[in-house]
Amino acid sequence: MTVKIGVIGTGMIGRDHTRRIQQVLAGAEVVALSDVNADSARAVQADLAPAATVHATGQELIAAPEVGAVLVTSWGDTHEEYVLAAIAAGKPCFCEKPLATTAAGAKRIVDAEVAHGARLVQVGFMRRYDAGYRMLKEAVDNAIGAPLMIHAAHRNPTVPEQYITPMAIHDTLIHEIDVFRWLLDDDYVSAQVVFPRRSKHAHARVADPQVVLLETRKGVRIDVEIFVNCRYGYDIQCQVVGEEGVAYLPEPLAIVMRRDAHLQNAILTDWKDRFVDSYDVELKDFVEAAARGTASGPGSWDGYVAAISSDACVEAQEKSGQIVPISLPDRPALYD
Amino acid sequence: MTVKIGVIGTGMIGRDHTRRIQQVLAGAEVVALSDVNADSARAVQADLAPAATVHATGQELIAAPEVGAVLVTSWGDTHEEYVLAAIAAGKPCFCEKPLATTAAGAKRIVDAEVAHGARLVQVGFMRRYDAGYRMLKEAVDNAIGAPLMIHAAHRNPTVPEQYITPMAIHDTLIHEIDVFRWLLDDDYVSAQVVFPRRSKHAHARVADPQVVLLETRKGVRIDVEIFVNCRYGYDIQCQVVGEEGVAYLPEPLAIVMRRDAHLQNAILTDWKDRFVDSYDVELKDFVEAAARGTASGPGSWDGYVAAISSDACVEAQEKSGQIVPISLPDRPALYD
Amino acid sequence: MTVKIGVIGTGMIGRDHTRRIQQVLAGAEVVALSDVNADSARAVQADLAPAATVHATGQELIAAPEVGAVLVTSWGDTHEEYVLAAIAAGKPCFCEKPLATTAAGAKRIVDAEVAHGARLVQVGFMRRYDAGYRMLKEAVDNAIGAPLMIHAAHRNPTVPEQYITPMAIHDTLIHEIDVFRWLLDDDYVSAQVVFPRRSKHAHARVADPQVVLLETRKGVRIDVEIFVNCRYGYDIQCQVVGEEGVAYLPEPLAIVMRRDAHLQNAILTDWKDRFVDSYDVELKDFVEAAARGTASGPGSWDGYVAAISSDACVEAQEKSGQIVPISLPDRPALYD
Amino acid sequence: MTVKIGVIGTGMIGRDHTRRIQQVLAGAEVVALSDVNADSARAVQADLAPAATVHATGQELIAAPEVGAVLVTSWGDTHEEYVLAAIAAGKPCFCEKPLATTAAGAKRIVDAEVAHGARLVQVGFMRRYDAGYRMLKEAVDNAIGAPLMIHAAHRNPTVPEQYITPMAIHDTLIHEIDVFRWLLDDDYVSAQVVFPRRSKHAHARVADPQVVLLETRKGVRIDVEIFVNCRYGYDIQCQVVGEEGVAYLPEPLAIVMRRDAHLQNAILTDWKDRFVDSYDVELKDFVEAAARGTASGPGSWDGYVAAISSDACVEAQEKSGQIVPISLPDRPALYD
């Protein structure tokens, strides 16, 4: 059975997912496209999905009978509206992060899905589909004893002028916030942020680097360095310390060379290359679940928890040095 | 356009390629199956391709009008016959190694394809599609100067009793024979084999380990250790030494751990895991070329050269210590 | 000129330093020995320094005219007294850590040395003499831009029952406290300690692991994991993040092996092996300075600052989660 | 007891060993110096050993009654004469390589030492004292099963114009020739040399790189790449493959950095830095044995076998591709 997909938002990521469905993955096809800029939708149709219909609005696309599942890859402010509409239509829906721009918005989606009574939403936390993180989770679950600490870093070579301090949480740390919950099967109870000496390469409106300290229900302590002007590369480091040993996230595959008086391998510099393979796996998971009328992987609840946790981290930035508590509502049974 | 594929031979590899086409890759479907054991073909049909027709013979399958391209994954002795039939039918054909069981057989396929006037055959040398080898080729082409030497090893943890000395060439070294030609864009002019002290873990009928020394037209010297009872793992090592530096084939992705008084990561022990991702890429390449009515990647000529080179290496085993010349016919223009 | 050394305290470390002076290093000899247990001193004399005189007390040894320099390797509670006596006698003095058991005691030594008007005291912070840390300091000074953060870990496989929580500072972190000041050419302004989930392998009287967060005058933020029942080995990790890059403390030399399905190298399990070479370099430095009538390397001021900083860290343990300020007196010009 | 040493030859290495004895090692002093250039000897005396006597000739120095042991660090052509004189005088003698410039000369030394009836000579094969090789030998003896193969490389960044093809054996491979015998506790039975494509960076009079293939009595097969214009660094690689696993010579201690889009560490470029620590250990061994009136470590027999083996390798260069047998006389019982 081929899953018939409608794509709302045909910018860079919407175009790329359309290519993925049309040219890479088995079992799905893009039958509908929509974008606030209709020319963009028509261009993607022409290039990648000539048989697809271009719809005037996302709502119309969701309502179209031939659309069996929805991809929401539009501007973040519109995510909540489209995901709610997809739930109302009972159609599986993949939504790029953020699920909603506020925790309250994410909660409305959770409530709608719980009312619907079955999972329909997958959120685009692609790291859970990365081969390296999956191997790390296997090691955390089976090889190093109970996890006690995580030491991590999220480094970008540089960021544009419009990147301001809270974006270090909402755009950068958000991936660690989700993936550590999943790695540890745990939730956060507090956050603290401290600011080291500022790098001379940081723009005026961003405190860079930052160190975020998180504490989980089980007592795991996490330190994450966020350094978005680190110069040398896009580099994601994660080390989990357990009662019996330590496990490291693998470095991306690279050619080791002896050259120019150095033993060396390249470090990626473009974030788009770091998890490129995980997008294929992520969408394959969506297609397979959608074929069964449901969703799996990171869902509405994870998007909601990420929003609450992020808000606490931003508050912890503002109250630098103070420990800010994080409290979560009870998890509905649907997400057990 | 969906490529309609017929699969001849539904053993382990034929079943796996069928799964790949049906469940993983975009752009193709399995419409026909055949196996010397009809129950096997029917089981694959039932499990993976219910819409496919089961044919009584490979020849019948090749002749079937709905079949647009052929996968030959049957017993090695039958490859030549089916590939020749596919060429005769003008249908793109993917053939697992060996292309033929003799160099003469491979030559007949080359001759038939040359007579046909266009490429139709891809041979299953999957290492050319491995991400690590592709990165290594990029380094050889661009980062280390002219290649001068390769130091390599092909190690298996163990082999069954029926594995005898010449199989170290035909079943094991064959992959290095192809992939080094491709890495270097070069061909072999001689081979020598020397036998180190035998491992006590080697069965009586296999000399193990062996060291194969190859020389290329451009003067590159290659040493390959073949060690099929190395105990510790399935391990493929390749180091290219150039005028400006040295490049290494990457180790497979693995979790580094500190545990039990060791800094360590697992080494694969099952060869099937080593290049598992490259089968997807290899078949994707076949499907995309077949959609255009042709074939790309390793072809008949490569299968023929591999057969000639392997025969020289087996002769070099028999004349241990002697340097055995390798001479190739001129390459037809079709393969330039 | 041979430096004539008296050794006070002939336990494990005093015996080992005597061996070092007698059998390894040029330029010095042990001429006097003393221990609260006279039999111990006589045994070291018999085994390693037959020409040495055994003195009844450390004070008598310090006063002996043939003694040109003093090694204080006795029980920690006695260090202050002997170091003060050596200063009073104007004799260069090497004192194993701690310089004194209280910051007030260390201050009395600083005051005495300042009154004397020249450096006479070296404290046994041997990490400053370790080849790896020296290479790291070179990188921090020249290769990674201004340092912004340090991520570090100090892990022991296990500790005895009598190891209690504050010993994680006084006996374990003390080495990081000194070596990071030296690496960064900086001092601490605050400390915070948080306690992750306790390892099930920790004894009842020790909170294990701990995370210590330090802030320096220049704004460098340091996180140090102390994990003294980590099981897997004695492991010292240190990573300095600068404006232009990251530098790592080298792992100790080890044989990498492929064996038992793992790529692996041994991690040390006995702390005594980790910095074994640095003791030779440390004492060589002492001997060379003593030959000139002075002392170099880590001195009284460093011992005093380490004591003040440690006391703040212990307070931070007691006030878990709170940031405890560290304030230092002005540094006397003698130590510039 | 202090060993009183006379040094013959006060060039770079003689001066360095004098410094080592005077300033680094316990238990020895330089009491006599001699050089064909008397000014050189006087300069070393003035700088490092003011109490030493400068002798007009090496023979006079050897005969001087205050000289208890001799270091021969003069020009290679003179080694044989001085070592024979030291044996005749019954004085322990450390001789830098080569022991003699011909196998016949080395045999005369062996014969003289055998006639003397006890070991007096240590040859300067310092790699046996390198910490890394010692760890590797431990692994070969205990951790990887019976050794079957060695894959090795000896690379220099560049060599001067006067370096000609046979020097790749006499000056470069000579170290591997000795250290592999010691690692394996074995001897060579044949050698073969093949010449890869020449590097464009090689001078006209040197074939570069070369691959030397050695076979031992126990059947171990060794391939050594010699590449003396490899550009990127001075790099010694050694991998021993045994029945149960593979062990690697450790890389020298180095700071790993993330910088400039690379994970990297420096490779040494000056051969003098590679085994710098082993000279201390080597001479310490000489001093300790000389204090007992004997010699240990690599001796005359090893120097003789190295000469015979080297001669065979040079013949194998001249007969490129041919396997040249190596036959050794029986080893005198003195060297068991």
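Order as written gives the chain letters A, B, C and D; numbering starts at 1 within each chain.
One rule holds in what follows: a residue touches a chain if its C-beta (ideal position, glycine included) is under 8 Å from a C-beta of that chain, and two chains touch if they have at least 3 such contacts.
The model shown is predicted, which means the values in this text are computed figures rather than measured ones.
Novice: Compared with chain C, which chain's mean CA position is the farthest off?
Specialist: Farthest chain from chain C, going by C-alpha centroids: B.
Novice: What's the call on chain B versus chain C, same or different interface residues, using the half cut on shared numbers?
Specialist: Interface between chain B and chain C is built from largely the same residues.
Novice: Suppose each chain is reduced to the average of its Cα coordinates; what separation in Å results between chain A and chain C?
Specialist: Result: the chain centres lie 45 Å from each other.
Novice: Please compute the C-alpha centroid of chain B, do the same for chain C, then give the distance between them in whole Å.
Specialist: Taking the mean C-alpha position of each chain, the two centres sit 59 Å apart.
Novice: Can you check how far apart chain A and chain B are, centre to centre, with Cα atoms defining each centre and the answer in Å?
Specialist: So the centroids are 38 Å from each other.
Novice: Among the residues of chain B, which ones contact at least 2 other chains?
Specialist: 232, 244-246, 254, 258-260, in rising order.
Novice: Over in the complex, which chain A residues touch chain B? Could you list them?
Specialist: Chain A reaches chain B through residues 21-27, 131-132, 135-136, 138-139, 143-144, 244-250, 253-260, 284.
Novice: Please give the residue numbers of chain C that touch chain A in the complex, ascending.
Specialist: Answer in residue numbers: 145-146, 148-149, 151, 153, 194-201, 209, 211, 213, 215, 218-221, 223, 225, 227, 230-232, 241, 243-246, 321, 323.
Novice: Name, in rising order, each residue of chain D that touches chain A in their complex.
Specialist: Those residues of chain D that touch chain A are 157, 232-233, 235, 251, 254, 258-267, 269.
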